[in-house]
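Got a structure here, written out as C-alpha cells. Questions coming.
All chains are identified by letter, namely A, B, C, D, E and F, in their written order; residue positions are counted from 1 within each chain.
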Amino acid sequence: MFLYSKKLVYPINIKKKDLRMAKYLITQFGGPNGELSAALRYFSQKFTMPDNKGRALLNDIATEELSHVEMICTMIHQLTKDASIKELEEAGLGPYYTEHGVSLYPTDTFGNPFTASYFAVTGDTLANLSEDMAAEEKARATYEALIRQTNDEDIVGPLLFLRQREIVHFNRFKELYDYYKERM
Amino acid sequence: MFLYSKKLVYPINIKKKDLRMAKYLITQFGGPNGELSAALRYFSQKFTMPDNKGRALLNDIATEELSHVEMICTMIHQLTKDASIKELEEAGLGPYYTEHGVSLYPTDTFGNPFTASYFAVTGDTLANLSEDMAAEEKARATYEALIRQTNDEDIVGPLLFLRQREIVHFNRFKELYDYYKERM
Amino acid sequence: MFLYSKKLVYPINIKKKDLRMAKYLITQFGGPNGELSAALRYFSQKFTMPDNKGRALLNDIATEELSHVEMICTMIHQLTKDASIKELEEAGLGPYYTEHGVSLYPTDTFGNPFTASYFAVTGDTLANLSEDMAAEEKARATYEALIRQTNDEDIVGPLLFLRQREIVHFNRFKELYDYYKERM
Amino acid sequence: MFLYSKKLVYPINIKKKDLRMAKYLITQFGGPNGELSAALRYFSQKFTMPDNKGRALLNDIATEELSHVEMICTMIHQLTKDASIKELEEAGLGPYYTEHGVSLYPTDTFGNPFTASYFAVTGDTLANLSEDMAAEEKARATYEALIRQTNDEDIVGPLLFLRQREIVHFNRFKELYDYYKERM
Amino acid sequence: MFLYSKKLVYPINIKKKDLRMAKYLITQFGGPNGELSAALRYFSQKFTMPDNKGRALLNDIATEELSHVEMICTMIHQLTKDASIKELEEAGLGPYYTEHGVSLYPTDTFGNPFTASYFAVTGDTLANLSEDMAAEEKARATYEALIRQTNDEDIVGPLLFLRQREIVHFNRFKELYDYYKERM
Amino acid sequence: MFLYSKKLVYPINIKKKDLRMAKYLITQFGGPNGELSAALRYFSQKFTMPDNKGRALLNDIATEELSHVEMICTMIHQLTKDASIKELEEAGLGPYYTEHGVSLYPTDTFGNPFTASYFAVTGDTLANLSEDMAAEEKARATYEALIRQTNDEDIVGPLLFLRQREIVHFNRFKELYDYYKERM
C-alpha cells in the first residue's frame, strides 16, 4: 500500500510566476518521457519480475517516481497559481484556461492527454529492463532540454535533482539487467 | 511524497487460477472507471482545491486509490501467474500473451490502453467534485458487474471491500461538494 | 428519427471577427465537456433507461444538445469565415488553416480530435445519471470560463443562454436520479 | 435546430436475440465507417460549403445519418436487451458486460471508442466531397459484410435499406462534386 | 523488399530557416492527409487487390509516397536544423523543443501523433479505391494550403511537385476504380 | 528515395491456413513492438543523428524494417486469404471481417490502430539509441512469444530469421551508442 507524507522529496520554492516554463514542464507530468509514465511503467512491470531483488527495485523506483510526479505538479502549480486570464493568454495558455483554468491535468507540451501507449510491458524481463533504461535516458534528455529553456535557479535546482535521479535509476536498471542477463 | 508499505490494504489470497475473471478485472486497473483513473483524477485536482480541507480529502482518497490499484494488480497476478499458453488461448487471452505474456498492463477489458481522456480537471471546484462523485458511482457499478460475473469467494471478498470504499468516497465527496456549494 | 428546422434554438448574430475566441469556443463543439460529448452521452444512455420517463428525458436533452452543437458551430463560423491567412496566423490559427482552412472540425482547444473516451455508459442507471450531472457541471464551468475570456456581447449572450440550459439539465437529471434512487 | 420524432426511418422489429450480430453491428454506431462518423463528417463540413445547394445537401444527409444512428442502436438494443451474463460471456461479450452491461456505447467491433480521427474536414470543397463519396462506399462495403454475416431476415431487411441509402447518398455527393468541379 | 537510394525524388535545397513553415509542413509527415498516411494506406491495401494490375499500382504508389515522406522530412530538417532555442520559442516551437529538440517526429500541425485511424482498409476493392482517391484530393488540398502559406520559392517548388503527383495518383486510382467497376 | 524489388528478404511459403496465428502476428505489423513501429522510429531519428555513420546505420535499419513489415504482411495474407466467414468467426475474427474482410490493417492483437505514441524521438542521440536498443529487445521478446504460440515450421522459420535480425540490430545500435558515448 501507498502512504503519503507532506514533505516533498526535494524542496520546491519558486518565487517568480513563469507561464512559459509551466507550459513546457507539464510534459514531465503527463508526457511520454515524464514521471507518471515512468511510475506506471515500473509499477506495472514489478509483478512479473523473476525474484524479490527485481520486484523490490522496480517497486522502489516506481514509488520514487510517484513522488517526482508530485514535485513536477508542485512546480507547475507555483508557476501558474496567481496568473490572470490576460497573462495566460499572452503566454499562449488561453486554450489551457478554457479547459482547465489553472488546474493540473496530465498532458505533454502539445496538450495530448497521457496514454499508456507511451510505455511497454512485455513478458520478457530483459526487454522490460531495456525499456526502463531507455525511459531513464529519455527523461534525462527531457530534463536537459528544460534546463536549457530557463535561467530561473528556483526551477533549475529541482530539475537538476530530478535529472540526477534519472541517471541513478538508469544505473540501477543497468545493474539489474546485467544480473539477469548472466543468469538467463 | 509517497511511501510504500508491503502490507496490502485488504488481504488478497486467491487460490484458483481464473483467466476469464482476470480479463474482466483488468479494467479496474487501466479502464475508464478503474482505480488508476480515480487516483490520477483526484491527485491532479488536489492542487487547486480552494482550501486545506479540500486538498487533504482529495490527497487522502488519491493515495488510497493508488493502494487499490495495487490490490487489483495483485488479484490479476494471482489469477494468471501459472497459466500455460494453452490455457491463456482457451480463455481468449492469446492476444494478451503475445503482447504482454502474463505481465500487467493498464487497459480496459477490450485492450484499450489507459488514457487521461477518461477523466476531467476543470478550473471549477464544484464541477470537479461532481466529476469525482460520478467516478465513484461508475466504479461502484463496475465492481457490482464484476461481482455478478464470479462465484469465487476469494475474488468476491476484495471486490466487496473495494465497492464499499467507493460508496464511502462518494459520501465524502458529496459532503465536500455541499460544503463548498454553501460557501460559493 | 431526427428532423431539422432552419431556425436556431437561440439567435446567433456575431458582427465582429474574433479568431482568439473561435479557438477557445471550439472545445464546446469537440472537447471533453462540449455539446457533442453531451449529446452522444445522453443519446447512448437512453436505450437502457428503466422506463419511459427516463428514456424520454435522455432523448429530449440529447436532441437539445445536438441543437446546441449547431449553435456553437454557427458562432465559430461567424467568428472566422472572412479571416485571411495572415489574420489566422497572427491569432495562432496557422496550424488550423493548414489542416482545415476555416472549416469546422470537432476538437478541443488543443486540437485533440473528439473521442468517445470523454464519456461513459455503464449498465447502471444511477451511475449514468451521476455521469450526466457531472457533465452538466463541467459544461457550465467551461461556459463560465469562456464568458470570462470575452467582452463581446454577441458572444456572451448565446453563452449565457447555453450556460443556463446546462443548469436546467443538471436539475432535470438530479430529479431523475432521486426518482430512481428511491425506487431501487 | 434538430427535432425528434418517435417514428424510426425504417421499422426495426427483431424477434431473435443474437449477441454475435450485435457485436458486429456496433461498428455502424461507433466505428470508422459507421453512421455517427458519417453524420458528424457531413454536419461539420456543411458550414463552409460554397453555396446553399451544397449546405442543404450536406445538412439533409447529416440529419438522415443521425436517424440511421438511431436505427442501428435500436437494432443492437433489440438483439441484446434480454441477454443473461452467461449468454453474453458465451458470445464473447463478457468484457462488454463489465464495462457497459447491455447499454449502448459507440465503438468499432474491437471496442475502440469512436474518434473524430476517422473523418476529415479540409478547407477544400472537392476534397471534402471526395471524402464523403469514399465514406459512402465504405459504409456500403461494411453493410455488405454484415449482410453476409447473418441470415436473419429481421436484420437483413434494415441493413439492405441502409445499404441502399448509402448508394443514393454516394450519387448525390457525386452530382454535387461534378457540379462544383465544373464551376471552379 | 525495399531498397534505398540516396537521391531524393525531387531536389530539396532550402536556404532560409523558416520555423513557421516547418510547423505547418509537419502534417504532411504525420498528419491525416500526409505522405505517411498515404504510403501505409496503399501498402496495406495492396495485399488484397484482386489482380496483379491492382497490386502493382498500389505498390508503386505506396513506394513513391514513402519517398515523398523523405522529401517532407528533408524540407523540415533544412528549415529547422540551425534554430536556437530562442528562435524556436518565438516561432511557437518551444513545446516541440522540449519534446523533440529539432528532431523529426510524425504528427499533425497540432502535435497529435500519427495514427492509423486516419485511413481505412475494407474488404471491398471499390471502397478502398474511393478511399484512395479521396486521400489524394485531401493531400492536394493540404499542399495548396501550404503553398498559400509561403512565398519562399525553395519551399514552393517541391510542394508544387508533390501536389502534381497527387493529381497523377488520383487519376491512376480513378482509372483502376473504373476498370474494376466495369468488371464487378 | 525508396525503391521496391519483388523479392522478399526471406522466403515466405505458408501452406496451412491458420487464423489463430494471423491474429497474433498482426501486432508485428501494427503493434507497439512491431516492424512498422521500428521502421518509423529509426527513419524519424536519422535526420538528426550527429554524423554520417549514425545517419547511415539508422537509415539502413529503417529500410530493412520496412522490408520486414512486408514479410509480416505476406505471412498474414497467406495465413488468411482463403478463409470463409464461418472459419473467421470460429477463430474469433468475425469482428475483423466486419471491418476489414481479410485485408491487412496495422493494429496490435487487440485491434488498436497503430499510433506513433509507441515510439519516441528526442533531441538527444544517446536517448534515441537507448530507445532503439529497447525496441529491438521488445521485438525480440514478441517474436519469441509468437514462436512459442505455434508449431508450424513455415511460420517458425521466418520468425526465427526476424528474431535473429533484431539481435543483430540491437548489437549495431549498442556499438553506435558506445561510439557516441565516448565522444560526448
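In this section, a residue touches a chain if its C-beta (ideal position, glycine included) is under 8 Å from a C-beta of that chain, and two chains touch if they have at least 3 such contacts.
None of these values were measured; they are calculated from a predicted model.
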### Query
What's the overlap between the neighbours of subunit A and those of subunit F?
B, E
### Task
Over half of the contact pairs shared by residue number: find the pair among A-E, A-F or A-B that meets that against C-D.
A-B
### Task
Find the chain most remote from subunit C, comparing centres computed as mean CA coordinates.
F
### Task
Could you find the chain whose CA centre sits the greatest distance from that of subunit B?
E
#### Entry: Chain centre separation in whole Å, for subunit F relative to subunit C (CA means)
41
### Task
Could you give the separation in Å between the centres of subunit E and subunit F, each centre being the mean of its C-alpha atoms?
22
### Summary
For the pair subunit D and subunit E, the C-alpha centroid-to-centroid distance in angstrom is 29
#### Entry: Gap in Å, rounded to a whole number, between the CA centres of subunit D and subunit B
33
### Task
Can you tell me which residues of subunit A touch two or more of the remaining chains?
32-33, 92, 97, 99, 101, 107, 110-113, 115, 117, 122-124, 142, 145
### Message
Chains as vertices, touching pairs as edges: which of line, ring, star, complete or other describes this one?
### Response
other
#### Entry: Complete list of chain pairs which touch one another
A-B, A-C, A-E, A-F, B-C, B-D, B-F, C-D, C-E, D-E, D-F, E-F
### Query
For subunit E, which residues are in contact with subunit C within the complex?
20, 23-24, 27, 31-33, 92, 108-112, 142, 145-146, 148-149
### Message
Show me the residue ranges of subunit F that touch subunit E in the complex, using the header's touch definition.
### Response
1-5, 7-9, 30, 36, 40, 43-45, 47-48, 59-60, 63, 66-67, 69-70, 73-74, 77, 81, 97, 99-107, 113-117, 121-124, 128
### Query
Contact residues on subunit D for subunit E in the complex?
32-33, 115, 117-118, 120, 122-124, 126-127, 130-131, 133-134, 137-138, 140-142, 144-145
### Query
Which residues, counting only subunit E, touch subunit A once they are in their complex?
85, 89, 92, 94-99, 101, 107, 110-113
